[in-house]
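Next come two complexes built around chain A: one with chain B, the other with chain C.
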Partner chain A sequence: MASPVEHVRESGAPAAAGGPPPPGGLMRLAGPGGRPLGLILKLLLLAVAAAIAVWAAIPLIDAGNWIGLAIVIVATIAIFVIYLSPRMIPAKYLVIGTLFLLGFQVAPIIYTLTTAFTNFGDGHRGSKDEAIAAIESASITQAPGSEVYALSIGTEPDGDLVFLLTDAQGAAFAGTAAGLEPLVPGTFSAGATGKITEAEGFTVLNVGEASARGAEIAEFSVPTDDGAIRSQGLSTAFEGIAGQNYQADCDCITDINTGTVFTADNDIGSFVDPNGNALAQGWKVGVGFENFTDALTNPTIAGSFFKILLWNFAFALLVPVLTFALGLALAMLFNSEELRGRRIYRSLLILPYAMPGFAMLLVWRDMFNADFGLINNLFGLSVDWLGGEWTARLAVLIIQLWMGFPYMFLVCTGALQSIPSDLVEAAGVDGARPGYAFRTITFPLLLVATGPLLITTFAFNFNNFNAIYLTTGGGPFPADNPTAGATDLLISYTYRLAFGGQGADYGFAAAISVLIFLIVAVISIIGFRRTRVLEEVN
Partner chain B sequence: MRSRHARLIALGGIVALLVAACGGSDDGGGGTTAATSAAGAGTATSAATGTTAEESPATTGGGAPAGSAAGTLTIWTDALYAPPVKEAADAFAAENGVTVNVQAVNETRTQFLTASQAGTGPDLVLGANDWIGQLVQNGAIDPVPMTDATKDLFNPAAIQAVTFNGQVYGIPYAVENLALYRNTDLAPEAPATWEDLTAAATSLQQQGRVTELLALPIGTDGAPAPYHTYPIFTAGGGTLFGESPDGSYDINQMEMGSDASIAANTRMSQMAQQGLLKTSIGSENLASIFTDQKTAFMVSGPWTLPDIEAAGINYAISDIPSFAGGPPARPFLGVQAVYVASKGQNKALAQEFATNYFIQPEVAQGLYDAQPRPPALLETYESVAAENPDIAAFNEAGAEGDPLPSFTEMAGIFDPWGKAIVAIVGGADPAQTTRDLATTIDGLIGG
Partner chain C sequence: MSTEAMLASELRDTSHGSGQSGHVVRLGSARGNWFRRVGWRHVVGVIALFFAIFPILFVVSAAFNPQGTLSSSTLIPRDASFANFDTLFSETSFWRWFANSLLISLLSAALSLFISAAAAYAFSRYRFRGRRAGMLFILLVQMFPQFLAIVAIYLIFVEISELYPAIGFNTPWSLILLFLGGALGVNTWLMKGFFDTIPKDLDESAKVDGATHAQIYFGIILPLVTPILAITGLLSFISTMSEFIISSVFLTEDSAKTAAVGLYGLISAQRNANFGVFAAGALIVAIPIVVLFQFLQRYIVGGITAGAVKG
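So, the complex of A and B:
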């Protein structure tokens, strides 16, 4: 399939969409005279590829991600084989692009698709074991009326950990995995804070030594009658009781204070009591098509969906049409040979394109401020731009027009220069007025070159989250429905639904993304079909 | 010819690969987090805690994995607090023969949740108390049990704010709440009631000395509105939630939609009609309206102090007014605290740092020197308040305050609540809008 960039290039115009620069300089480096240099460069770059592979492999090995590791190894071997072999010329062209396609396009799509069928989100991020660990450790409280000990970490002669504890009265104990043993006075000495500094039969660790065994210490507990003594840092320990415990036989968690039993529901990934209350910490499970059916049947969503979809289409269509119209008009104006200082005008016109979009969106938001904004002050207006339904829509369109026209101007300038002037001149000789020649010759030829760009601009603006989120935030919102604003696009609306409520719901967001993808894909396919018809006419 | 081209493309490809690999860890992480934090400036929580991203410069190390070796402690904080935390951490490191690595991270909360799940998170993280619910729900932080003796060292309201489900989850270091700033050249007297303030401001406006009656951020998207209008809401008799027997919020007793809340929002609607509340004032232009002397009064928190001191304006800080004959205005009390990560590599050392080192007055003093906010540690607060009347005034203004709720649903409530306030300020019927808001919140809590 021909990409938009190739289209422009075929017609001889400069690559406006940011294609790679012509590789003239490098060509000379690797030319016939520089063969050894080329080989050295190639080996060097392959070595870099190998280094990157090793760099990527280490964390994968650490995490035990064998599938990821296998992919890295296979890809690296493939790169070496392909570039060291004198054959496989087509593969040399294709492999890097294919790897990038797989890594940055296909993998995220697959990840989004798989996420759409899970309940991944806040409270359901990890595995069931992690949820159980989180519930139990969050429920540990200090046993009522129990002692808080000053703690020193020590080791027994065989290297096993021991907690050397002193209570408020100055009595000392050695706590091991077997239990608590009092120390005989005189066999130990304690510092000012009560921490034991020396004890017969034990080695006292300093903080650095102790922290090296930090993971062990965090797991270590000294069993007591009621619960267990655990460390709190490296210098305090207390007797804690886990208020909620997991039992494998019933696959449930019992709250020892209230006696409530929370049974695991593996369909929703939560522990639920008989009244239907779930513990906050759950785990990730597959939920089938639930996210999709939710999105399509939820009454709040369905109620606002079509209104937003309509505006979404209007916005995505109007932005390319308006920017293209303005860009084309300016391009034709500056295409005229008689205009002096064309270069300066052209450079000035592409300035908006060179500014960082994020910052400019925020600046525009402030310019539309009703009381302090530049626009109202400059024109002496008192329009509440972002507060009115239609003025807010107009405002976002104006902002996008300003941000988008330089691109269209560049593209149209290039395309206009590629259209042979003798065609238009011939039409003139045949008696066609300039308007007619433009309509029948220049414009159709221009559309062949810019049509695919218009479609991609449409697809981009269909999901132009920043344009809305950073300016109006989707607003203004009707007083009775704070979820669907007048300038909301589907993407900003669903962002609010998926992330604005009770934390993040990635599964639901992924499902919505898939639905939006389907809409955009269908429209783009239809659009590209139409431009192909145009090309055939040409 | 063909093979030469192939070599060129290979070269280009590998260079691209190299650039992509290098950029992925450094430039990509830092760049995008800076950008998204600009986007997030003024979202409910950042507005609520006052740490707007716009104030903080872009920082590095956004998503850098914090692979801790034994004896290395990694601490994540925002850019504002990174220098003092680093100073305190270096002292701890030198004392104990360990290494401490302090990283300034934008969008700390989101980054921390993601990194925690991936096992690349830090050992300790600094943040606001309204994060606690979400962090606990995702098993990202552990309780840090405190003895009663340790609790007594702190402002009781700060301890209450970091207590969630009966457990203490963080070591608080700063308390934040709103107060009323006034320009003492324009308004020498602190207004006790909104009626006094309105009279004073209106007369200044009629004399042409100010253009705005009051600077209080609402924003067109309503992001800062709930936090900043809460004192008006409570002064008007409104409450958000009822209380459970232990004095904490009871989320099952939602009060929004009650007659009292409708009366309070009607008060707010009247203030908007008088021109006291405007959607054109948001987090981004709040401070400049006050420092440009366009208004004599501003409602904001201690995070605005540096701006105002830099502008060299004569100012004073007082309690947020109540309505004549009404109950006192109660701002939200937000607390900044340090949390121990559940999945940190060096949990014992992290707990040691948080529970035994971070509570020292020198550390609290260092944090205060970097960011002038009332310290949570009483001893430090006393010494700071004695020499800085602003800090004492903020503490006084927050004396009646309500802790910022930390349950997970709160983030979802702030969003529609802010939008309802924008609608009310814009002229919508307060009674109907409040009832619609109640329906929306009910849906969020129930669903």
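So, the complex of A and C:
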């Protein structure tokens, strides 16, 4: 089997040697017919780009999103300038990918970086005004003897919700987010229960349509002089009074039932009473480096942090080393010309790599099941694999070895084939023993070839969330600390802290992401330096 | 082929021949010899094969296990039926999920191949301001745990879904766009290494003949780098096929789900009972990947490292 590298060399050889290029292909390409065709194609593609830009701009204008519009315009102008100019050739090949990179990778990263310095999370999502509105509307309760209305859900012509209400006396009102308006008799008709079935200027929703907007309806409230009208189910509404009110002069919220005063603390983004209790609803504020110092100094977090960091390093280093060792051993095993059936072996050995990864991780988890797992059945063991600290770590490593060795096997097979055989043969002629030739010639050359891949494997496994989350889930957990398990990586640990039981804390999760990024980036750069990949860029 | 190599292969041929003649004369010794040279490789190879294959066998056996539960699944099926496949096809939207997966994976693999090959060409063939910085930047961006930026990605797509429902949540385009953001990733480095191995004299002579940069790229370079195109295309196809965390956030409607999200939903709800159906689905998802793998095998072996090796 000719390796692709040879194939490339062979077909490239005549021209590379300085001979004239094969007349057919090149002359036709460079001939006079080529340019108009290229030009037409280019103009067509630019027309498509312009069409996309217009399509993208219209909703932005409608929504009044001027920043978004500016971005679209700048990107479109950049594309036109770059492709119409006869210069800037490299940019022509880079601009599309760069735009995608900026939009969907760099922008989220920058957003995460800025989030790391805030308290963004459950209870601290929006602005202060939104928090006040949410607190007031959540505190509305039905006072005894308050007005109860028959409710129909309607929409205004622009689709906004409206509550069509009839009180006990039969008077009808239209309640919008702006307030309550009486309906003129004769412009509406009501059913037997008093529910309005038709009203001029509004569309009445049927039950199905109303249920589809159920969440919106439950949140909706019509402000009144005494409080607000809220729905109770889809056919009644009541007028309630807000139990907690905001006063701008003291920048505080007073609970009218208990008399407690919650004063706004703009440093932590919460309303706090004199005893230090905060209302659940707060707002997003900048907290400086607090998330970072928390991660490193908070005793419960820091204690697990360094333990997890250690295992994280062990895992990220062991996986590339183990998979590489097995892959290399197998590649050398099958690198013998005399071995029959090499193709079959190779086809079967790479099967683990071709199976869908998420599915196989789940399958492995079940194979390690202590009670009816295949591993215990097959080898007649009764080990509680995922229940013990060290057996769980071993299990996770075995799973990753299985998932990863075919890739390394392919890589090493390719690398072995591309190492000039005369080098090793020459060593043999000079009397070197095979082991010595391997150690001094083959292995170093292999490392040069596969070094960058080993480093990217390390970087990948450092954050291999699936490998843990889908198998052990981070466990087993020590009895005294249910948040940090024996097989947890920083990323699965962070995930639990950020999105787990106690509610989302995106600010803190973002800070840990930044720390993880710094660790991985520094190690990878050192690694790439050592393998001299970076120098090659020059 | 160099004369040395020809000589070497001739030598091999003769030695092989003498081995065969030895086979007739000294049978026992030749056998021992055969085991020392080749036979033990088969022994180790079979052990390695067992390690590689038995989890897959387990999946196959579970898929055909008529009881369909995890606890009744064994390595060798006791009984075989298509019951799990029937359930999969009749009670879930599996074909829809599978079609979504194929659409997303094929399109994003093809488009990101286009983007990263173009970038690799620019980095390999041109010297321009910001080239080194650009390559380092691409490398560094990859080091950020993309997965933890998911909150930011989610919020960005909330905005996009409101403005452009056609490319928002629950559409394949949302994922394709997101995956294209990673097109200028490691693949660019891998490809650039391979592009570097193609002699520059080729471009130079074409340029002398009046070829434009686009003609050189599409007409000369691209046909020569097919191996690396095949391997990177396949790698990104595979990773997209089994991506499920971001997909599960983006695709919540049943008809929009990918196979990974849909199948995960099956066993996250009823882990033991649905295991057979899950295994059946996983097997079908694996088929296109396995077929592609066997089809592209000759490229794969050389492709991954060829970029990094300069012999």
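Quick notes on this structure:
As a working rule, the second predicted complex is superposed on the first by the 382 of 538 C-alpha atoms of A that agree within 3 Å, B and C clash if a C-alpha of one lies under 4 Å from a C-alpha of the other, contacts with A are read in each partner's own complex, and residues count from 1 in each chain.
In this section, a contact is a pair of C-beta atoms (placed from the backbone, for glycine too) under 8 Å apart; a residue touches a chain by one contact, two chains touch by 3 or more.
Everything numeric here is computed off the predicted structure, so don't read it as measured data.
In the superposition on chain A, contact is made by A:Ala63 with both chain B and chain C. Residue contacts after overlaying the shared chain place A:Ile253 against neither chain B nor chain C. Look at A:Phe358: by the touch rule set out above, it reaches both chain B and chain C. With both structures placed on the common chain, the touch criterion links A:Phe372 to chain B and to chain C. By the touch criterion defined above, A:Leu205 lies against neither chain B nor chain C after alignment on the C-alpha atoms of chain A. Using the contact criterion defined above for the overlaid structures, shared-chain residue A:Ile229 touches neither chain B nor chain C, since it reaches no partner. By the touch criterion defined above, A:Gly240 lies against chain B but remains apart from chain C after alignment on the C-alpha atoms of chain A. In the superposition on chain A, contact of A:Thr494 is made with chain C only, not with chain B. A count of residues in chain A touched by chain B and by chain C gives the higher number to C.
In the superposition on chain A, no contact is made by A:Ala467 with either chain B or chain C. Common to the chain B and chain C contact sets on chain A are residues 20, 26-27, 30, 38, 56, 59, 63, 89, 92-93, 96-97, 100, 358-359, 362, 366, 369, 371-372, 466. Considering their complex, residues 4-5, 8, 12, 16, 37-38, 41-42, 44-45, 48-49, 51-56, 58-59, 70-71, 73-75, 115-116, 118-119, 121-122, 126, 128, 131-132, 134-136, 138-149, 151-153, 155-156, 162-164, 177-178, 180-184, 186, 188-189, 197-199, 201-202, 205-206, 209-215, 217, 219-220, 224-227, 238, 241-245, 259-260, 263-264, 267, 271, 275, 278-279, 281-282, 285-286, 289-290, 293-294, 297-306, 308-309, 311 of chain C touch chain A. The residues of chain B lying in touch with chain A in their complex are 2-18, 21, 35, 38-39, 65, 70-71, 73, 95-98, 113, 117, 119, 133-134, 136-139, 142-145, 147, 165-167, 212, 220-223, 278-281, 284-285, 289, 342, 345-356, 408-409, 411-412, 415-417, 419-420, 422-424, 426, 428-429, 432-433, 436-437, 440, 443-444. The touching residues of chain A, counted against chain B in their complex, run 20, 23, 26-27, 30-31, 38, 41-42, 45-46, 48-49, 52, 55-56, 59, 63, 83, 86, 89, 92-93, 95-97, 100, 122-123, 125-126, 130-131, 133-135, 137-138, 140-142, 148, 206-208, 210-215, 217-218, 231-236, 238, 240, 280-281, 300, 358-359, 362, 366, 369-373, 384, 386-387, 466, 469-470, 472-483, 496, 500-503.
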